[in-house]
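Below are two complexes that have subunit A in common, paired first with subunit B and then with subunit C.
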Partner chain A sequence: MTAVLAPKATVQSSPSRFDVLPYLMVAPVTLFIAGLALLPAVFAVVQSFFIVDALDPPMRWAGLSNFTGLFGDAAVRSSMANTGLYVLIGVTLSTLLGTAAAVLLQRPFRGRSLVIAVMILPWALPGVVEGILWQGIFEPNSGLISAVLQLFGADGGLLLGQNRLLTIGLIELVQVWQITPLSALLILAALQLIPDELYEAAQLDGCSPWAAFRRITLPLARPGIAVAMVQAVIATLNVFDQPYVLNGAASTGASVTMQTYFVSFQNLDFGAGYALTLLITLATLAISMAVVRLVYRKVEM
Partner chain B sequence: MKPARRIGLALLLLWSLVPIYWAVRTSLQTESDARATPVQFLPLNPTLENYRTLLTGDGEVPAQIRRSAWNIVIECGAATVVTVLLATLAAYAFARMRFRGRKVIFYTVLATMTLPAYTTLIPLYRIMSQFSLVNTYTGIVLVYVSGFLPLATWVLYNYFSSMPVSLEEAATVDGAGRLQVLWHIVLPLARPGIISTALITFLFAWAQFLFPLVLSSDLSTQPLTVVIAGLQGRHVVPVTLLDAAGVLAIVVPVVLALTFNRYIVNGLLAGSTR
Partner chain C sequence: MPRTRSSKLIAALGLTAALVAAGCGAPSVGNKNASDQTSGVTINVVLAAEPPPKALLAEFTEETGITVNWTNLDWDSLQTKISAAAAANTYFADATNVDWSRVGQLGKLGWFTPMETFLDTAAMKDDVPQLASFTSDGHVVGIPYDASFMVTTVNRAMFEKAGIGEMPRTMDDYTDDLRRIKQAGVVEYPLNIPFAAAEGLSTYWYETTAAFGGTVLDAEGNPQFKEPGSAGFQAAQWMIGALKEGLVPPGNINVTDSQGQQTLMATGQVASTFSDYSGTVGTIYDVEGSSKVAGDVEYLPTPGVTGPAANLSNPDAVGIPKQAKYPDAAAKFIDWFASAETQAAFSGLDGPEKIYEAYPLPSHVSAVDRMVNADKLAGGAELVTMLEGSQPVFEGGAPTWYPKFSNAVYTSLHAAATGSMSVEQAVGTIAEAAEDLAGAA
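This part shows the complex of A and B:
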């Protein structure tokens, strides 16, 4: 570029002329999102109203039959009930444990960052491998739980796949292990914003630590708790890795996402898979929004 | 520190570490020691035999583990590089440049974050099979990148927005082009944000299971997670070998999480404040 043409002019003239650079910079991301997220999402919605069956071509209009068919399918109904339990157990436990961990870490102490580093480990690991790690804990003959029971002279361990509630509870415990670190971090971030003076004033007024927790910590942590619960809802409603590895296809623990996988990629009935996908997506959005409305409160400090 | 807090912190550490420890213990034992009663809480006769088998043995299982470990490194590495590169360009434009349609494009990209990842599982599979990209590195990396871009863009957008504009303005007044400013001024300052984004993207990619389960049909592209889940159902594979494979699969994320925990924590928090 020749410096004779005053260089400042290029800076000032840019608003009037069409500026192509920002478009070039956002184009790749936009294309990826349009082509591999929005377009597929539209596909999923549209094709859930069609019969899309690799074993029964061609594709044709199905009306609502994919959806009504789902509710007539006992395996799907059972997977919905299972998933409801996963969500209920997972969101409750991860929120309670996450809050407890956040309160433990609220005040600075020597080694706090090390504890946080160790705490986030389970979040960083693949769900599939976590299933394998915990299988070693649950294993009925030589697992850690049966070993501890043996120390006390008791016998036995935990057999997955027999009792439905126990199976779901144990599988969800593994997912709780994975998602609680993020809950704890999100809640901890909210707690860090609470000024110490509030606690000092409460102490001067003779507030017990429990009262301080109920009246100061909990209300002010609500934004963090809401975000933590939303991430837990999304993770648990879509749970796949842990039940798939720990319990296989057994109906005692199959989740809706597992059922989607079986229907689409083993029975090749994509239309039904689309319908099921759409249901989980809508449920995820609806429950997440409900959580935000119920739990989230904007905090002014 | 009060004793109750000490006990709480000890429980937190135990809860986080015991399942990992137990798999490491099993992986250092022989099969008969692992099944012995009373159960050995420590590996009394530790052996590296399981790792030697997986890393240098000839059988089918070691070959699968080695190939899928290679696959997962390639897929996660490529997905991370592409995601961070594209997200950096877009996030900088969104944060610092004014152009028509900026808000619409930005919020559309962010809106896809609210969809659960598996919403697009079946359509993505069908698109990839239309273009013969099932069971290719390209197909898997494309799907990963499309999934991770919104979060990466959001984290980097927040990072760029939090940086002071004054240096960039000074450089512009001195006659530097906008890409020069991005390359020489912004990127060096934004390094912590870029490292956070890269780490989170890499860890997400490493943890993927259902997408590669669907998108890769054989060992040429299957990542370690898919192969390990496949071994798990087969009773011929001893639990000691399975746990050694599991430990191999978590070495990389464990080392990254322990070494760079600050970057990861900051990135996660930047990514979830909405």
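This part shows the complex of A and C:
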């Protein structure tokens, strides 16, 4: 008698079995992010509650005194107000101009790729380089604007630093010039997803271009606009290069990140510097979340 | 599940505790891994300056076996890196910049190894008058490698065009002459003051205060400019008054000391810079092609109350951070780099291939003398006298809180220039800052 053994059933990997491979594959990038972003962030949060002053060692518990000290500092308060204006002007202008540029670039035309490539140049330039470039334009004694104004009989150029609102407005224009290309590209990406049929149907229904923009383009571009606004919020809340290069440390244009630099690396009061950094991070998170809540809508096409 | 949560909590608390413990630990002093090798090593030298000529560096390497890896960083970034590296107790460079304004801070922090442990600094004192600006609590933090100090530059051609034959020696005469130049229509705005809210404005005020016969702070760091009759108050009033009177270009409220101010002078838009940097006549204003006033500008003994005033030091030095890997090799480099012989070579006394184009003026009086004797220094005779009489900005050295004080100085004076503060308010704000900082220290 021959015993016929039934073939052994193939063992299937159980769903509950721990598979190490995916974890190994993401481990390098996880370690990279944890080491270079998360760990320093936790470190900064912890140390913002300590006195970490190189000139006043040792490090010791400070409670909330770093935070209260910052709000008691007139220069920091003034920089917070300035930064609020930078955010307001920068986010508004970059979103409006970015939307306008995206709409103009929405339809294919000859040379569109070239226009996009040229448009993106300011975004690719470092802020310091842009500051120096615009310094030549704003230079009140012999700059471009001054020369043009003098052609029309004006006495002098625009004086950065003379008036707070004008100074902030002009400095923020330079940053808007830098960040608008990215806003335009993000919004353009959203516009590319809108089916042409919608516009065709609207046209058949007698819809004007403006009405099509309001009723089709804007609602369907909201995810892109929200992302563009969030990147503008992050950029403007952290503005440093342009005001520092164009207006020095003057209170008429100093931003809150400039104050972080002064507090940390000029005064060597790292605890207060960490506290200010934490406040900037919280403000960035809060405003970004508000923007997403107000502007972002899930779109299905 | 509760077990997982508690594990996470414990891990988080552990991480936090480890971070706090790591942060609380006192930084170790000095670099235990430092090598005393002085040959066959490469040292990193980081300064806010172009590297010296290759021929000279090659000579140094041949003589000593030390290779120099030179990095040129802008001044602001360099200061940030010095602070960040020292605070984190990590290696950054074997030799780097020591700015006169940070000597108090650096002396207290002990971030640099005292130079007297490597070099005979006492023997340098007579030939390097600005060594005093780099001494804190009896320790030499860095060795000056150039002799930058504040000077007054004038466009003699413009003064003569306005009918001024004899150059001014007092502040009153100087101010009157500037008015004459304006009235004669030689130039619309004869005086250069960099009113941008930056360090250069503070320096300008210190030099002007010295011209009015006083100092900004006493040896204990107390403000000396609160009273309206004080030199510092008069200096601030004179500077702001000159702007309001139309002697200074209105656009100067955003002009910085280095490029901005010097460009105005080199393009003939102003007739004088009261507080300029030594060496600018030879390195900027007399350079044919880039300057429109070549041959017209000269140094003027800085006008004072009754006669020429002292010139304030503003030199650059090089020191050895505590975390240097090769401190002895770095010391050997500094000894060579800041020596009178090398400085003479930088200035073109040993042939054109060794000229260090960006080099302003030797810190050794003997090297300056050699330049003057060889007719290699524009305005040399005046500069030697000024260098010998140059004084540190602060009697007791730069206080530990200087950067914060300077910030108050330049932001307040800038605010007065823009009209958002009166001179009284600006000076009051600066005095308040000085008193708070000195009190806290």
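Note that the second predicted complex is superposed on the first by the 266 of 301 C-alpha atoms of A that agree within 3 Å, B and C clash if a C-alpha of one lies under 4 Å from a C-alpha of the other, contacts with A are read in each partner's own complex, and residues count from 1 in each chain.
FYI, a contact is a pair of C-beta atoms (placed from the backbone, for glycine too) under 8 Å apart; a residue touches a chain by one contact, two chains touch by 3 or more.
Please read all numbers here as calculations on a predicted model, not as lab measurements.
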Subunit B and subunit C placed together on subunit A: clash or fit? clash
Quiz item: Should A:Ser251 be classified as contacting the first partner (subunit B), the second (subunit C), both, or neither?
Solution: second
Of the two partners subunit B and subunit C, more of subunit A gets touched by chain B
Item to complete: Give one of first, second, both or neither to describe whether A:Phe270 is in contact with subunit B, with subunit C, with both, or with none.
Response: both
With the two structures laid over each other on chain A, which partner does A:Leu159 touch: subunit B (first), subunit C (second), both, or neither? second
Q. Which holds for A:Tyr199: it touches subunit B only (first), subunit C only (second), both, or neither?
A. neither
Task = Could you look at A:Phe262 and tell me whether it touches subunit B, subunit C, both or neither (first, second, both, neither)?
result = second
Margin query: Just checking: does A:Phe50 make contact with subunit B only, subunit C only, both, or neither of them? Give me first, second, both or neither.
Written below: second
Self-check item: Touched partner set for A:Asn141, first subunit B, second subunit C, both or neither
Solution: both
Examine A:Tyr86 and indicate which partner it touches, taking first as subunit B and second as subunit C; both and neither are also allowed. neither
Practice problem: Tell me which partner A:Leu182 touches in the superposition: subunit B (first), subunit C (second), both or neither. | Solution: first
Only one listed stretch of subunit C (9-17, 27-35 or 81-89) runs into subunit B, and it is 81-89
Overlap of subunit B and subunit C contacts on subunit A, residues 43, 47, 139, 141-142, 146, 248, 261, 265, 270
Subunit A residues touching subunit C in their complex are 42-43, 46-47, 50, 52, 54-55, 57-59, 75, 138-142, 146, 156-157, 159-162, 164, 246-252, 261-262, 265-268, 270
So, in the complex, the side of subunit C touching subunit A is made of residues 15-16, 19-20, 23-24, 26, 79-80, 83-84, 86-87, 105, 108-109, 196-198, 249-256, 264, 267, 269, 400-401, 403-404, 407, 410-411, 414-415, 418-420
As the complex stands, subunit B meets subunit A at residues 1, 5, 8-9, 12-13, 15-20, 22-23, 26, 34-39, 41, 86-87, 89-90, 92-94, 97-99, 102, 105, 108-109, 112, 114-127, 142-143, 145-147, 149-150, 153, 172-173, 175, 178-179, 203, 206-210, 213-214, 225-226, 228-229, 232-233, 239, 242-243, 246, 249-250, 253-254, 256-258, 261-262, 264-265, 268-269, 272-274
Contacts from subunit A onto subunit B in the complex sit at residues 7-8, 11, 15, 19, 21-23, 25-26, 28-30, 32-33, 35-41, 43-44, 47, 100-101, 104, 109, 113, 115-137, 139, 141-142, 144, 146-147, 150, 177, 181-182, 185-186, 189, 227, 231, 234, 237-238, 240-241, 244-245, 248, 257, 260-261, 264-265, 270, 273-274, 277-278, 280-281, 284-285, 288
